[in-house]
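Per-chain residue numbering starts at 1, and chain names A, B, C and D are given in the order in which the chains are listed.
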Amino acid sequence: MASGPIPAAAPSSPAAEKELAELYAKFGAAHMIPLWTQLGELMPDEPAPRARPHVWRWSELYPLAQRAGDLVPVGRGGERRAIALANPGLDGMPFVTPTLWAAIQYLGPHEVAPEHRHTQNAFRFVLEGEGVWTVVNNDPVAMRRGDFLLTPGWNFHGHQNATSEPMAWLDGLDIPFVYGNDLSFFEYGPDGLSDTSTPERSRAERLWAHPGLQPVALLGSRPSSPLAAYRWEHTDRALVEQLALEAEGHQATVEPGHAAVRFSNPTTGGDVLPTIRADFHRLLPGAATTPQREVGSSVWQVFTGRGTAVINGVEHPVEHGDVFVVPSWASYEIRAEVGLDLFRFTDAPIFEALHQYRQLTLRGGTS
Amino acid sequence: MASGPIPAAAPSSPAAEKELAELYAKFGAAHMIPLWTQLGELMPDEPAPRARPHVWRWSELYPLAQRAGDLVPVGRGGERRAIALANPGLDGMPFVTPTLWAAIQYLGPHEVAPEHRHTQNAFRFVLEGEGVWTVVNNDPVAMRRGDFLLTPGWNFHGHQNATSEPMAWLDGLDIPFVYGNDLSFFEYGPDGLSDTSTPERSRAERLWAHPGLQPVALLGSRPSSPLAAYRWEHTDRALVEQLALEAEGHQATVEPGHAAVRFSNPTTGGDVLPTIRADFHRLLPGAATTPQREVGSSVWQVFTGRGTAVINGVEHPVEHGDVFVVPSWASYEIRAEVGLDLFRFTDAPIFEALHQYRQLTLRGGTS
Amino acid sequence: MASGPIPAAAPSSPAAEKELAELYAKFGAAHMIPLWTQLGELMPDEPAPRARPHVWRWSELYPLAQRAGDLVPVGRGGERRAIALANPGLDGMPFVTPTLWAAIQYLGPHEVAPEHRHTQNAFRFVLEGEGVWTVVNNDPVAMRRGDFLLTPGWNFHGHQNATSEPMAWLDGLDIPFVYGNDLSFFEYGPDGLSDTSTPERSRAERLWAHPGLQPVALLGSRPSSPLAAYRWEHTDRALVEQLALEAEGHQATVEPGHAAVRFSNPTTGGDVLPTIRADFHRLLPGAATTPQREVGSSVWQVFTGRGTAVINGVEHPVEHGDVFVVPSWASYEIRAEVGLDLFRFTDAPIFEALHQYRQLTLRGGTS
Amino acid sequence: MASGPIPAAAPSSPAAEKELAELYAKFGAAHMIPLWTQLGELMPDEPAPRARPHVWRWSELYPLAQRAGDLVPVGRGGERRAIALANPGLDGMPFVTPTLWAAIQYLGPHEVAPEHRHTQNAFRFVLEGEGVWTVVNNDPVAMRRGDFLLTPGWNFHGHQNATSEPMAWLDGLDIPFVYGNDLSFFEYGPDGLSDTSTPERSRAERLWAHPGLQPVALLGSRPSSPLAAYRWEHTDRALVEQLALEAEGHQATVEPGHAAVRFSNPTTGGDVLPTIRADFHRLLPGAATTPQREVGSSVWQVFTGRGTAVINGVEHPVEHGDVFVVPSWASYEIRAEVGLDLFRFTDAPIFEALHQYRQLTLRGGTS
């Protein structure tokens, strides 16, 4: 539409122009806005996101989080020492995309982030370190390198660092979606934690982390996964197996040299959260993803390795800890220089549920 | 949250203040924003919508649309002579709520609005008049007083006024939702209409408007209703029957003196569009709806009668053609002075699909 | 399998034969049966139904029902003057197919069939006549020529003939399925009827028979349709429209000259009953259905006209009121001599739900 | 119904009796059967299954299977050395219940059962032993003590014993359901096996046996589980954890001392097969299940331990390997003398899908 023909509404004389101006003024006074002056902006030929592709460097993120650890206490009121990645295209809002929130959260030695709950859905992904327990619904869940951890909406949760080392991780939430649609409910819990024990495995895992098995006492489909932690050892093993199967000649990988697992809700087989999809990708050295476009936005974090994210034709070198964002309908492709492991989350479940999802594979390379 | 305790992050000395300011500056340069300064705004205790309750008067809407009919031609480029209702709280955007678009569209004698299609879902509701045919997927659909008409996403559609009288109606779309989430695809169709005939009943109705019957040739569930028109005669009869059944002592109405029908998708039993719910309400003289709050936003238009919309405790007298909006979680109640017929549409299907819908009945009256 | 190679288990000597006989005797004593002697019978290459194609003539059915009306009173204990069509292949059981029950039910002038309920799902189809009201859940539903009427499982129901003329109709139920799987619950209601009024339209129709409209007070998906009656006037009109649309060049019919409607559950868009599908077919003079095979069984009744049912290559002339059965995977084709209207019901919902449904179109004609 | 009042149809005089006899004879000739003489049998007040509670002793089953191993070769034609458990109430059919098949299958040293496929869904449960690989869709799956293994409908499969020891296991299928409803398709595969390798883990497990993780290359819901093997080590660990959590004071078990896991389809969260549910139960010494009734039938096999199955009030002592059957709506309760591990499968998915499932807890003990 942006490149459509000239609007038919162009006035033909000074008198007409004046009359039109008067009309538009009356529109304004009546809280009315004509479509015909806004159409190209409102209804583009294809998605024209204000959010921009962007890369945040771990080498910058972590020291700033650390500095916040020095200067800013964590506690009731501020609740969390989390610093959001703010997409440069989104008017200074702390939103990585129009729907998604990504933040680095930092917890110093023996610090505690108090309990609260909210309708926003949340997860944590641990790039490095260990020693924090997130307590979700009174269930302490250890956080360790490579783990993916869930806090579905309206579950009380707090965190404690049980060690003398600080720890930082990536938080992902649907805060922008909930904010933009006025869906937020928030409630404080106790200032301390409901359970300060530090078990190896959470109760959620003891109940749910058995492949294909469900506890009969807790059957029934749930909007969000009851499995609080997806451990790195399982993710890694699944990826290793896919690549081994590919090498043996079987269908297992997304494309040559590209293994991927979806974190899923064992009670439905669907996404872990109603609004957020998460998966983990492994590219062999020299492998690349097929260029594509997707409706909705996604956020990637490099777990290990080094490569290039090509977004809308621009090459961004990326390495350990770097976070990059792919706006709606941007073309993207990821190339591994050395072996490359990446965590990704997206808002695809929202648009699939509403029959708005589209994907386009660009066979001939990035356009 | 807005009323939460003082953030723990308050600096304790001029030196600390300076260090913190430096940190915040570095955050800004790195496109990072701390959560702790924004929490109350981002994650309120309960929805704190920027959209405001507002009433647009038909006595103002219609003359301005008529004036636009005099001054602004309709045709390729501008596409539609539609004037959006802009919620005063939404920063000058042409959005009636964060997700919904409502506009008055006006077509003069023998005017034609050219064909196009887009991923935005649309409907029309006809307050008064007749003589326009909307051509959806080559199928001409007569528009008459009280009718509710569908244009699901990605169907080509245009309109023609086949008479010598102008006609205006209410358009409802999910433009803001699609815009905010970067989901828009748009394509021009032919400048003229693909079918200029003016049949009494559309082909869609001839296939689908038989109660409980589906054409075997076209079976299968669809995201949107294949029934292009819901005729006033059916809506009215259904409401008459509900009130008669209530009078005979049977369960049929929502509450005493309050009949209501949901426009539904016969292939699923669900909502007519993936993102929009629509229903029609009839209140007997003196009847009132139970005060309530709902997550998500809704837009009402008075079809006939006179009454009062009480939103967040403020009484708004409303009558024929007036449009009012209920933001997320606002308390609302509608009281009929004389018999009151109202059309309503909401974004509830979005939030039900994502398990974010909540409703609260306020038994003791509006708070 | 029936035509498979000789079982490997054939004994090779008299001694071996004796030992085998001893083993088989021990199996018998232990309630054990070897698979290898039964495989071809138990697991045929394709369905080998014991149920046979068969035609019951209305000219025979009706007089016998009438005679039963003379000799056999209706009342508590026997409950219904219904005579089942017993498939000749099904060992003298009163089952028209392994899953379905079809019966002619006859009610003399002013007779009453008392109320009861059962988990078996039921419908009535009215070939001719009128004057009976079936009272379903206290709601009197008039039965008239061409109507399709529902009594979903566990709804109390009774019938009364309010006239001085007898009336007969076709009953369809899932009695064999419920019997074979031990699912039957049955409960007596009052001996008289809970409501003896004789309204033109049932309350169910007043609530639900408005195209695409649902009562807001009664929303929510249900296993069975809440619409108690599908009236002939709607069925006929839908078929007329499909054939008119076909003549105008639009897709509307199943195939040339073959219109068909599915009776559907407005709360789900699916079948009217969890275990029974019902539809109505109209063939123009000279038209024929494409030969096909389907898993599961179906029962047809000619409503009006004359034609030929070709089942497994055998031609059966059929006319007004004749009932014929198509067993699982039998090839079938229906040819209209004059215009032919047919009612059909099948057990397809069972096998679709269990992912066992298959259909095969036989393009080159019946094999 | 069986205990209902005397049918109203009782004739009142010898003449009437004669007329009635003549009518019934005509019914017979016309393949018609009156309902009123059959009602109590056809539509009982509550399920009156012909299938009987019965216990098959492992001490009897295994020696007979072994003897069949001596006398009956396995190969093309007979296909499998499987001996079905024939419910004494089911007229000499090889059916353990009206819907379910249970058999002991025996494969001698180095024997091979050739490949075939059928629409019947199958599983294996391994009471003891190891050394057989079942090859499902070319994927060799090791069978070991305690494992639960799937062969969903229409997958080619064969078995080989790769050792010098015989092995026997329990087969479960929906053969009776498929037979009774004429749904069987059967096709021979190669006489040999498509893959004779003997890997520790199947490809299916390497792809799918990672808790909560799905291969992105193979996403999408499927009617049956893609996980070919549910290993004993996982089942056992899940049960151990449930009992440990119970001891720690958390909700994890079905009831005190009764842990249970459901084998589930990771792509849907539902049952492993469209027609068969399977789960595994562990009772602590002295624990008992709450007496209950369920619609549909179930088959249990004691894995380890010793206890009592109380079915319809009759106590059956059971131990290692014993198989017992609970017919529809029979009351049942299981009591553990020593710790008791049991495998169970049922047809509940059929009746849940069709809204026919009912369950009744008998709080006061077995009636």
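Quick note on the criterion: a contact is a pair of C-beta atoms (placed from the backbone, for glycine too) under 8 Å apart; a residue touches a chain by one contact, two chains touch by 3 or more.
Values in this document were obtained by computation on a predicted structure and should not be read as measured data.
Chemist: I'd like to verify one number: the distance from the centre of chain B to the centre of chain D, where each centre is the average of its C-alpha atoms, in whole angstrom.
Modeler: 52
Chemist: What whole-Å value do you get for the distance between chain B and chain C if each is reduced to the mean of its CA atoms?
Modeler: 43
Chemist: Give the residues of chain D touching no fewer than two other chains, as numbers and ranges.
Modeler: Residue numbers touching two or more other chains: none in chain D.
Chemist: Given which chains touch which, is the overall layout a line, a ring, a star, complete, or other?
Modeler: ring
Chemist: Every pair of chains that touch: which are they?
Modeler: By the stated definition, chains touch in these pairs: A-B, A-D, B-C, C-D.
Chemist: Taking the complex as given, what residues does chain D use to touch chain C?
Modeler: Listed in rising order, the residues are 1, 4-9, 11, 16, 19-20, 23, 26-27, 30-39, 42-51, 54, 56, 60-61, 64, 67-68, 71-88, 92-94, 98-99, 103-104, 118-120, 153, 175, 178-188, 223-224, 274-275, 295-297, 327-329, 347, 349-351, 353-356, 358.
Chemist: Can you tell me which positions in chain B touch chain C when the two form their complex?
Modeler: 203, 205-219, 221, 225, 227, 230, 234-235, 237-238, 241-242, 244-245, 250-254, 260-269, 272, 279
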